[in-house]
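The same chain A turns up in both complexes below, where it pairs with chain B and then with chain C.
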Partner chain A sequence: MSRFKPVMGVSEGITLLFIFISAKVFLAHVTFILHDGMNASWVIPIINTLIGLLGVLLLVAVLNGHPGKDLVEIGEELAGPYINTLFSLFYLAVFVIGAGFTLRFVSERVVAGFLPDTPISMVTLSFLVGTVTVAYLGLEAVSRTARFLVVVLVVSTLALVVLTIPFWQGHVFYPLLGAGVWDVLRGALTTTGNYVQILLLGIIYPFLPQGKARLVGVWGVLIAGFFFTILVVVPLLIFTFPTVTEMSLPTFEMSRIINIGRFGQRMEVVFLPIWVFSNMIFMAVSLYAGAAVLARLFKLGDYRPFVLAVTVFTTVMAYMPLNSPQASYWNHDYLSRYSFYVLVLIMLILLLAARLKGKGGAKNEKGV
Partner chain B sequence: MKRVFSVVLLLATVMMLGGCYDYSEPDEKAWILALGLDKGRQNVLTVTAVIAIPKAIAGGGGGEPAAGGAGGGTFFIVSMETPTLLSFLELLDTVVDRRADMSQTKWLVCSRELAEEGIGRYFGPVTRFYQFRRSAHVVICEGRAEDFLEQGKPILEDNVGKYYELLMRGWRYTEFIPFDTFHFLHLKSNTIGVAPVAPLAALNRKEPVYDDNTPKPKGAYQAGRLPRRGGGEIEVMGGAAFKAGRMVGTLDADQVGVQKMFFGNLKRTIMDVPDPEHPGFFIIVDVKPRYNPRVDVRIGEDDLPEISVEVGLEGTIMSIQSGEEYETPDRLPVLEQAVERAYLEDINKTVAKSQALGADFLGLGLHAKKLFLTWPQWVAYDWDTKYPDATINVSVDYRVRRVGLIHETVPLK
Partner chain C sequence: MFSWLKTLSKFIMYQKPQPAPSVFESGIEDRPLEEGEKSKAKSKAKSKAKSKSKAKSKSKSKSKAGGNGGSDTDSNDSGQGNQDQHQLRDSEQNNRKNGSRKRNSRRGKPRNAAIQKKYSDKVAENQDIDQILNQKVELSYRLEENKQVLEKLFRVPENKDAVFRSLSIGTEPPAQAMLVFIDGITNAQVQNLAVLQPLMLLSGARDIRQNRKGDTPAEAGVFLQGQECPRLGPGNGENKETAVYKDFFDRVKQAVLPNNQVAEGRTYDQVVYDVLNGNSALFIEGYNQALLLETKGWHFRSVSPPQVEAVIRGPQEAFTEMLRVNTSLVRKIIHRSSLVTEFIKVGYNAPMQCAVMYVADLANPDLVKEVKRRLESIRADQTYETGLAEQMIEDNPLHMVPQVLTTERPDRVAASLLDGKVAVLMDGNPFVMIMPCTFFNLMQSPEDAYVRWPFGAFMRLIRYAGLFLALLLPAHYVAIVAYHQEFIPTDLLMAITGAREKVPFPSIVEVLIMEAAFELIREAGVRIPGTIGTTLGIVGALILGQAAVAANIVSPILIIVVAVTALGSFAIPNYSFSLSIRLLRFVYILFASLSGLLGILVGVFIHVGVMSTVKSFGVPFLAPAAPVTRKGRDYFMRGPVWQQETRPDYLDPLKTKRQPQFSRGWLNDGDDKGGAER
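The block that comes next holds the complex of A and B.
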């Protein structure tokens, strides 16, 4: 993958995965969930998490059959170069589309809330410079940056939640079934794409300690699920249904409403690092992973020449939507809805191919 | 090392780029502390801004009392005729040398006349604007908002923003000021099963309100009808009830207290209770909630709500004008029942007002929705239509916990 094989610990893997999955919760994604489940929307991330866990187990089953190889290499071995090219393009699309729309969202957010007179291109540039640098330095730089910042992220997020307790209203949970059992379930099944980022596990698998992929995957998804759930429940508790559905950035509004006496107001700046760090880590991971997929696809040993290429793709993707609502809807339609099922389908095909070819599939965590 | 330095320098340079466009000095801003909305005379709206004069605030007002208009005080007023609330901001930049900014706005004052026509179109959409904060208060004023803001000068404060904030914080110390900020007002406006109440305010009425000195409960007053001399020009007392974004009536101070109690926002209040054994005398008690009202709703056979409310209160005897010995354990129930009767009367009047206005500002619908399994079922029940015909029974349980610093009263000889 590069001149040196990166080394990654379990905690770094978990941190990277859970931030990569859950960073989107600080953007507009939550709004779509709130529309689907109405006042019972908090059930949706729980169902999503369970589905995400199943996806991780499936992915780990594929990976464990081929120790030391990532998902692209495994696909090449099991499905052949032509079919694997399609699979790899899907992986690349997940990373590039995710990074592109995230870049657009987070830039729009900065312009909307903090720097209204700054051109969005300038904001985008400042995000890209940081993330491209980290991605270029490689997986170790990305994962250690994430590990270093995770304390800030977790503490700030929990503080954000705790400081809004005076605004919570318990009646929001009623009527208990919200939009109705089927509508909530449909909402959950059509937003499983929120967990398509488990794909990252397939890219970083060779660099994880042997036999720890399941641990990293399961904990990454569970922690992401925890943050997903509380950041759907808390805006619901504060802003209640249906008002909560009118917000484009519920977590931002959460920080704006905090009021601790005359001097404890306008706290959004204190919580700015949550959005900036989480999304910058997301971007850096996406750029790295996208470059890694391309490097594997082109059978090159070094991912770095592709970082700039992926950055260009990402920037193009960021500016394809004509406006911020279109970016939200496109991201929801193309990534959050059904992409997870495509990933599951690929995993099933790979497992089936492994079974037919008699390779992998039935091995345990240690690949024996 | 050189590369690392280059990267750090690049990052630092990029991060500073925002300053090229959004450079903003606090002393180059015109901080709007309150905005007033009236029906326009030459356009749709007359919008009034109270703008801080920071150097005067920092200098303690320069020894001058805080003053509006062109006076040398800590704020000045600008009123303009505009088609919309936010277009006023740009118009303001043609008059004020500093760039107008709403991010410190504490009050959105709306004249009663405009509120009765409906203010949903003005205040609801403003949540989209990044400078606006949901922690601001919407205040409904008697008369024109421009006069209200111009004459509403603080006495104790140099900073008019602090004055507005502290005045509203009175909800903690008195039952007469509603709790709801814009945030809660907006939520209640959007939700089925509850209606919002905004603080009612007015300028000091100079002429007498009442013709005689017959006893009147203090909670019967409301802003604009508060007999007084002295103090600041602004009084905030009572509330304005809204339905579908339109003001439908006013609540007197006691009714606001009951409304706050139903939402758990009532801290304590002082009640003047008629002495049951000495007509013309009052027992003064301190009252605070023992628990949030227990509301039980069921749907009757006629498909109308049947609601029972259990209110638990406790408090302290503050004064017994008649000198009657109510403090002994065997006599306390007499006093407790008198308080219960008085409070029940307040609650029943408030409930009746709520049903008469068709605005469930007590939030009983929030309890009713527990009876429904799904949101569409709850919407289909059409609470707003059924609520005015609901049967509502309230019971009050008051317990005296303390009797103050006097153990037993010695009657006057």
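The block that comes next holds the complex of A and C.
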């Protein structure tokens, strides 16, 4: 059954990866970049993308040595069950923490912006029902849903950008390097965790067409980088520094200022699908990937028993912060800062172990 | 003196129930228990002594009161005329007492064992007949024996449809024969002119028996009644003279009968199937074969314009209830030797003839094999309609969306076959199933291709807008009125609020009332006789809507919403898909009432997620969008016809290329010859 051995095309793989990496750009993550980079914030996503590309190439190097196996299975083979358990817990933490804080933040924002009289538990439940259903249906369902809805996301995002052109102010780029080269570089190096989600490639690798992992990874990171850069630059162009750093949801503020004649006001509802769909895809991927990691860890053939368990972890994680700003800060502190370096370290350990054991390292993309 | 008063008071106070006498009585809840269930019930009863004693006392009191029973001796119902009938009924009721409200659902045991026991002789006879058919028992050499068996199979003499016409073939001496057919579904003229007349009058003229040297009547296998057939004698099972006998049989087939289609049947099963399909079976004394003659002749509707898939430009022909007419309508469009029509019997108890059509050099053989495998495996009781067969062969029966495309247009079937799809035509049915089917197929109409491409693309766009409105407009109304009032411009908000001011219901109730009323009108409009259908539409749509607004039950805005929703649903070209959208609309309304626009978006997310798991004969339902496969210029929007160079690759056809890159040869110098001249 394809439920146990899903089939995924290159296009779906790229879509899934770039949405999983860049969904956070519609939330508060941009604000942290704007804080760090000031007028030169647009440089940070570019540097981050380049670092993300290096990370993907490293990951693909590990994966290509073991065709047909995902990162957890490779870790088990190369590092042994005990060390691999630590690695797997890290992967699980990335998925669960990311999904949990996203769930909390987006729920709070929906309550604040769209459903002020609705209890947050109801909103959270709505998100969970949708994401758990699709995650339970499997990777094919998640990836195809993402591929089907990406048209809505991309068109809405580009419309959001284009409709704000009248509000752009060119002088915001100056001073060109903000507080200085080192500050910008420091800002970039401390937000590399925005690309820790490339980890997904290690989970979906066995289901991708053979020899296409690098293509999927590189394009996934590049497209995500494009949206990261666009959605850092445009709020900066509209609201200018430092006003833009005071916004918890810059994309929402962008949608609010759009004004198309007498009837074209209060357009934020038109862009609601951006926040809802992007974050639901993010959470569905997280739930599936978390369940898949647990299934591999416990050596079970089916991921489905763990979907509900990961959902419980995620919900608990969502309600740990006191409020939405705290959820954003925690997410930034625990995921967006240094987690990418931990992932790189794991990859290096695995590559080293492969070299020492004489397994995999020298194989090419097709595993030959 | 006051006897009349006594009678009157008795009449008023109490009347003894006098049910209408009927031999047949049935009640599913009162089915009697099986033996196993009885013993189980007894053991349970033993373990509960108190309840047992109570039950006993109750049954005794009932028997004393002379009720409907409780023991076997209480079966008489005094004062009733038909003693036997009542005994039968009472014994049934006695049995029912034991098993009241307990069903026997254990596997392997028939539920109707009591009925089977009661009519054991009938059941045994039916089993014998089934055995003859299922075991494919061969025909006998004796005409009389064949007749007896066939009479048994066709339930003659009760069944007056089956006709056994005895005749003598006009040879010297005459050969005894029998023609079997079902009256009413055969063409009497064909039978008279192409079967009976040649056999009875013209066979002698051809001297069919004397062509071969040494063919005496006995050697030729013609035996008068009462004569013993040498092949059937004791210890003589083998037919040593097959060649001779076969010769006469073949001569009848080849030289006497001018039917356009004649086949040979060797088993009762074959004969019965053909006879039930309007053919006639000719038996000749001394031969264990029958000639199955094409004499179909039932009445059928002539080819008429499509009722469901009407187009302004394009062929105005639709399928009929005649399978052969339908296949010919397709073949009329596809002049290609590789167009194959295979016939399959579908169903178990009343098998229907199905035609599986495909273009052999285009359709993927695995797809054809899969379609045939599924059809052949159907063991259903009834499969006389494509809708029934569809439910038996679809991949995901629990999903809302149709996974088979049903059409009544031969041109659409032809276009699909040329794409590499497979069509299934069913006898007696004007709708044809096309498989596989994707979401985008369900939104296409043949007319998209017949008009110039910008208009085709525009019509398709309108249709998608209709789909969106039909599915989501009422839900959006609920969401905006209940949750997101600030998202609409102030003037419009004032208009909506003013219109809703006097409506006492919340928006969800208001919408559900109107949507339910509209569905009621639509359903009634379909069932109602045609002459008053228009009246109902006017009454329902205009007067009811007007009255509802005047009574402040609903707002005028909602009437517009419901009307636009209805228009949207009518724009969906596929009826089954439209039904699923109609139903899902209520789910979205519910989602909207729970969480506003968020609920709708969550619903869309789940809907897309579920649809992405659906497959139609192995093809993902959302292909070629998700998963992405190579897209032609005819899946979402309609592209120019000269640019549609490839077939849908999700079908994996044997030939991918539909036409060359430069399909308009006249544009290139020296390459202006069409397909026929190349």
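Just so it is clear, the second predicted complex is superposed on the first by the 365 of 368 C-alpha atoms of A that agree within 3 Å, B and C clash if a C-alpha of one lies under 4 Å from a C-alpha of the other, contacts with A are read in each partner's own complex, and residues count from 1 in each chain.
Convention: a contact is a pair of C-beta atoms (placed from the backbone, for glycine too) under 8 Å apart; a residue touches a chain by one contact, two chains touch by 3 or more.
Bear in mind the structure is a predicted one, so any value in this text is a computation, not a measurement.
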Chain B versus chain C as contact partner of A:T243, first or second or both or neither: first
Which of chain B and chain C A:T133 touches, first, second, both or neither: both
First (chain B), second (chain C), both or neither touched by A:P273: second
Touched partner set for A:F298, first chain B, second chain C, both or neither: neither
First (chain B), second (chain C), both or neither touched by A:Q265: both
Which superposed partner A:Y329 touches (first chain B, second chain C, both, neither): neither
Partner chain(s) touched by A:P119 [first = chain B, second = chain C, both, neither]: first
Chain B versus chain C as contact partner of A:I257, first or second or both or neither: first
Shared chain A surface residues [contacts with chain B and with chain C]: 114-115, 117-118, 122-123, 126, 129-130, 133, 262, 265-266
Contact footprint of chain B on chain A as seen in their complex: 38-39, 112-119, 122-123, 125-126, 129-130, 133, 167, 171, 174-180, 239-243, 246, 253, 256-257, 259, 262, 265-266
Residues of chain B touching chain A in the complex: 7, 10-11, 14-15, 17-18, 20-22, 103, 127, 130, 133-135, 162, 165, 183, 186-187, 190-191, 366-367, 369-370, 372-378
Touch list for chain A against partner chain C, complex: 7-9, 11-12, 110, 114-115, 117-118, 122-123, 126-127, 129-131, 133-134, 137-138, 140-145, 147-149, 262-263, 265-266, 268-269, 272-273, 276-277, 280, 284
Interfacial residue positions of chain C with respect to chain A in the complex: 483-484, 486-489, 492, 594-599, 601-603, 605-606, 608-610, 612-613, 620, 622, 625-629
